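Pasting a structure here, questions to come.
Just so it is clear, A, B, C and D label the chains in written order, and each chain counts residues from 1 on its own.
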Amino acid sequence: MLVTTRTVAFQEVDAAGLVFFPHFLTYAHEAMEQLFAPLLEGYVGLILGRRIGLPAVHVDAEYSAPLVYGESARIETSVVHLGNRSMVIRYRFVRERDQVLAAVVRHTVVVTDLDKKKSCPIPDDVRRAAEAHLEVEAP
Amino acid sequence: MLVTTRTVAFQEVDAAGLVFFPHFLTYAHEAMEQLFAPLLEGYVGLILGRRIGLPAVHVDAEYSAPLVYGESARIETSVVHLGNRSMVIRYRFVRERDQVLAAVVRHTVVVTDLDKKKSCPIPDDVRRAAEAHLEVEAP
Amino acid sequence: MLVTTRTVAFQEVDAAGLVFFPHFLTYAHEAMEQLFAPLLEGYVGLILGRRIGLPAVHVDAEYSAPLVYGESARIETSVVHLGNRSMVIRYRFVRERDQVLAAVVRHTVVVTDLDKKKSCPIPDDVRRAAEAHLEVEAP
Amino acid sequence: MLVTTRTVAFQEVDAAGLVFFPHFLTYAHEAMEQLFAPLLEGYVGLILGRRIGLPAVHVDAEYSAPLVYGESARIETSVVHLGNRSMVIRYRFVRERDQVLAAVVRHTVVVTDLDKKKSCPIPDDVRRAAEAHLEVEAP
């Protein structure tokens, strides 16, 4: 499990005064980038150098408590399924001020050759980075 | 079914060159605002005037084809479940150039008193606007 | 002068409840894309096909009245200087409900070969599109 | 001078592959929030608690070198003019990999009572936080 923290930015709330709900997916993606930061050249090198990307094919997000400007969430990131070409990453967002669960996001990505525009096997170093945070969910 | 069109903006792609996946939820929210535009004072009046919001409690998004800058999707929006305090809205994104299904988003919202910060029954005019696009899914 | 309209989106306000000020530059860029829409393949083709971009080298923005969620601005776009490799585009934002001037943005762009990463002469069709909205400012 | 660092995010580039130019203003605002973080309750408390905001009335941005995904800039933030109700904040963005100046933003803000929607004198603690980074520019 990788643990990071994210604070809701001034410009990330909406006209109802709450964090705009798509931003949880942005925060999830940021946490995923941290998970793959140990790669040589990092996630940036994976995308821009090796031209391998991890586009989402499925997202499931449950929202249980809102966040407002300036509030922080602890994000607990785990790989809960690791296949040959895809993986499922789960992010639990825990609101820091009261430890209430704010959201759980499940994010299925397919490893993709960005130039050929088709899926490819998970490279060894990407697999190792994922395995370091593997926590297979009970069925 | 409400039909709208959305074109991917210059700033909505990511470093992999594809529309950043959380933006589909933004596009969905924009379509929902259109669905409630027939309200007196519109969705804006609902939020800012009547202080009633529709925060998401669940989102399920399946992504099946990417969009790039300048590509348009036809968005078909239907209310697929209408409860007492919540509803489920489904958005089908069809890529205009080839009619390929790009994404399907299911978006569960709870009608909420933004000042009291608790759920409330769906107001009559909001219900009528939802019913105009009701298409209950087969179980 | 090109006249377009832009409404502040639900997610474009900040925690102070006003449109987040960088978004005026986003709105300006959108208006510029409209100005170049008459190009064969449009602005999208210029960027993705011909790989010619118009990065900003200077922006000057005066803000005189705020906009909130749901408010619309009429955007009056003119090319106020047209050089060999650069141009200055002015955008006047007029708040629709009361015709108050909300902002004036001056945006200097340099025509750039995105692959060579250096400036290039303004292509003839780009120049013609700019000339159609040329309104040289008095010194 | 306050020194912070900002890395261009995956979703902050545009279809030309460069950081979308309005984001420099977002980065500037983030640096300003850091400058006022020493306030009791921070900038968040100023906005949400005391209902005092610092809306922009003028922005001048010179862009001299692009940034791409994953590149970091050192941001040097100084208050270069401190008036009774307004101040000018300057942000110099230095690209970390080669120490090239990427942008300079000058940002004039007016201290504003967000409920009365009018300017107000700079509160003492806000002034002290600004003075800690005062570096008046030669005329």
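Here is the rule we go by: a contact is a pair of C-beta atoms (placed from the backbone, for glycine too) under 8 Å apart; a residue touches a chain by one contact, two chains touch by 3 or more.
Note that this is a predicted model, so its numbers are computed, not measured.
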Count the touching C-beta pairs: is B-C or A-B ahead?
-> A-B
Name the chain whose C-alpha centroid is most distant from the C-alpha centroid of chain C.
-> A
Where the CA atoms of chain A average out and where those of chain C average out, how many Å apart are those spots?
-> 34
Averaging C-alpha coordinates per chain, one finds the centres of chain B and chain C separated by a number of Å equal to 29
Centre-of-Cα separation between chain B and chain A, whole angstrom | 23
Enumerate the residues of chain A that touch no fewer than two other chains.
-> 10-11, 15-17, 20, 22, 26, 29, 44, 47-48, 68-70
Which bits of chain C are touching chain B when the two form their complex?
-> 9-11, 26, 29-30, 33, 42-44, 47-48, 68-70
What residues of chain C sit close enough to touch chain A in their complex?
-> 10-11, 13-17, 20, 22, 68-70
In the complex with chain B, residue positions of chain A that touch it = 15-18, 20-23, 25-26, 29, 44, 47-48, 53, 55-64, 66, 114
